[in-house]
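Let me begin by handing over the structure; questions about it come next.
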């Protein structure tokens, strides 16, 4: 017997820009939205019956329409409005809205910050995922593509050696990574733009300040600090590639290289992932 | 109380080419390998103690060394050898090896197929994931980036309409997608290069031959056929973006467009995901 | 005094799919088109006067409209029709149409090649550039992203050594590259789909068959063969990255590596560019 | 007769990070370097004679070695040192060094700016190209990937209409673009890090402040301002894609859209290129 298992469908890569023009400077939000539905869709798969299949084109239209009236608050509030809307369909058991926000800043000019001209800022991509089912709504938020580097206070030593180990111990290496950090709020309505900014600041603060014996420990320290300083957060998941910077051997050219010249690489890279959470302790 | 949850680490994007030169034509395999370990790594996170942390550089070295002696059989056999090796470390509870294979074909020449010159063929990327723990070993295999199009026998109609629905019913549309299909073998040692090729052929055969009322149904039919024709497979997961091809309105230019001229798009796209499996029936 | 120099404008990334359905199998062309105009556009820049500025949106519309009636012949014939059309505007001194074709093949099925289902084939991207001005029309054609590898008959030795040279001589290396080859036809109307296929076959034939002392020599031999075997071609330009494959040192693991296991890299890479042409000799 | 035409070769994608540690905060430069040589390389192509072919691996080594001693000044000074070095080879007629700089900023922390921890900032990529031959040395500099948007003071109207024109006139549109701007210094030794920053500020200042009737006029105004305010610059080349933001029609959903909700697109896009220079007047 062959049967349908888990399934979901939706619209991805909905590109949406909203400009609010008022008395003061324009406000700009630039989003990429994805919507996914789970529920009673067996007939659509097995019988070719589309009568319950909300068109993904309709999802796209709804995302644009809701941007008009539901995007004055936080990113997560917009996601909640969309998720709640789709949960109203009887056949939908769970609606998930995933949002990526692309950052823009007013252009600095000789007359001050521009009111209606912006430059993309690449510090990081803000992400949010809102998931609603009949049991309630959860909100996760975070950052992707936050590229950071420590040029001191990082090492890797004391690891086991076997037949295949050639790596030297290193008390002073560069640690470069592209942070993905996702945190889960204790309740969906705790999320706000200001809280997101504060959590990202905590993450950067700890990254800059700690001594790192391994990427694993760095993740632990950053995630623990987020939980300690921000009661609204219940769990933090982080995934950090270790983008190796190898010291170049300049000795053949008669030159020293006292941790000054490095080759930056992306292939291969380490990949370290961990979840840190409030325990039942 | 703050505690460490799920965690894993390893090396990703290990690029590896193996050339076997014998009496006949060269044999070429071009792989990207990732290795991830789970197990007793709490001290590494919480105490900065690396004494159990097999260096990811060691994983890379091992991948190259094992390519010398363990890559004569299938992709999955190489993955099993690597996973079993890392499971021998006491601190490792699970080792997962993920492999992507990049296809090459002998160059056709005026003297026949070349013996030692190859051209990259982009039909699809073959993937395999081997996961070993003390309970045994599982093997998943599949394809990614298999880009296909039906220029007939596809439609989408009968879907519900609400305030936000503007999509017209369509009895004859283009269906274009980039298939990701992953199947799980009933036992890890069933996997073989020949079986992989046969399963991919089944997938393409059904894609070309069926009438599609929706991407959901197409997934169901392709996955069901794989299960029906290949006893070795227990479960198939598929993820198909719906890469919309919109009919261009040529009427303003005094021209008909009887499903002939389309604009190909990637943003936004539908995204349809489902698992099909043998039930307990 | 500040003045306008060379300028041009147009539309890029016009994505266009054409399906021709007749009695037999469907015929499918999948193109990305760019159009650029040069001419009398000083007022548009200096005075903000758009009265001569054909909208790039109009260019896009024209590309779709012309696909209806002008794409039965070769890619280059379609490009010529478009270029000639834009040259009819008085203010246009030169119109350039650049086309990239994405390859598709009928899906092989158990009942033979499918009539209306296709799979993307990644052997290479076919390109064509048609440029028309009052003096006439030129046609260039070629391939991009043709990824090829020689696993024998390639070396690099005899190069000069200075203070900064550490590379060893190598009589037997892998040569891997992603070929860009552009050839100029002696007359624009010589271009045809069949001729393009024949020239690509020549290129691959020589790549597979020659002994390579350097990428430079490989370019010379391939380009010379195209000129020798195809009278229609006046000039060939080639750009070949040298995608290094480094032999992995397996000695620390007690293993030989007789040119069998390599690490494939893309950064950094050599980049070799040359033009070969019929001389006035 | 078949002959070799223009040719050049070199190393591309040399990734290089330099960290200078002194008493104060670390200084960090992160570069991608390419080197290309032209000269007497006919024998390398035609005869397979490598005796004059400086290995591209040697170029890479030289780039790293020179980073040790020649990167205290501007990016362009490092490029000049490298170009002059390669011009010393008798067979080299021209050496071109192209550099892309990836920006990093000290991480802001609760204790002030970090001394040894950095975050990638994506405002733009700084570029420089130094080209040296026996006649002298030229320096070009500029920015790539500078993504900017005007949410007011941009329109496009008054353009000609023909059979294929459907675009409406628009007095108030979004103008979004990814600026590539390259300027040529009157003398190579005028280039400096401070001057580069000042020119980029001019570009942004004019972008934010002007009324744009077309992308063409925007280019003219920005480039002219650079030439007017910076005597060191002789010529400015700009290439601006027009990344269309289409107003979404919300009327079917009973909503107004007074230039508030847009769909951001990248395909197709306009592409406007122009050079502005000091004339002979």
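Note that the chains take the letters A, B, C and D in the order they are written out, and that residue 1 is the start of every chain.
The rule is simple: a contact is a pair of C-beta atoms (placed from the backbone, for glycine too) under 8 Å apart; a residue touches a chain by one contact, two chains touch by 3 or more.
None of these values were measured; they are calculated from a predicted model.
Q: Pick out whichever of the two, A-C or A-B, is joined by more C-beta pairs in contact.
A: If we tally the contacting C-beta pairs, A-B comes out ahead.
Q: I want to confirm something about subunit C and subunit D. Since they are copies of the same sequence, is their interface symmetric in residue numbering (over half shared, so same) or not (under half, so different)?
A: same
Q: List the centre-to-centre spacing of subunit A and subunit D in whole Å, with centres computed as mean CA coordinates.
A: Result: the chain centres lie 29 Å from each other.
Q: Counting only Cα atoms for the centres, state how far subunit A is from subunit B in Å.
A: 24
Q: Using the average of all C-alpha atoms in each chain as its centre, how far is it in Å between subunit A and subunit C?
A: Each chain reduced to its C-alpha mean, subunit A and subunit C end up 38 Å apart.
Q: Provide the list of subunit C residues touching at least two other chains, using ranges where the numbers run on.
A: 15, 61, 65, 164, 166, 252-253, 265-267 - these are the residues of subunit C that touch more than one other chain.
Q: Give every residue of subunit D touching subunit C within the complex, in rising order.
A: My answer: residues 1-15, 34, 36, 41, 44-46, 48-58, 60-62, 65, 156-160, 162, 164-167, 213-217, 219-220, 224, 227-228, 235, 241-242, 266-281.
Q: Flag every residue of subunit D that touches subunit A in the complex, lowest number first.
A: 15-21, 26, 28, 30, 61, 64-65, 67-69, 104, 107-111, 114-123, 146-153, 174, 201, 204-205, 207-209, 245, 248, 250, 252-253, 255-257, 259-265
Q: Looking at the complex, which residues from subunit A come into contact with subunit C?
A: Spelled out, the residues of subunit A in touch with subunit C are 163-164, 166, 252-254, 265-267.
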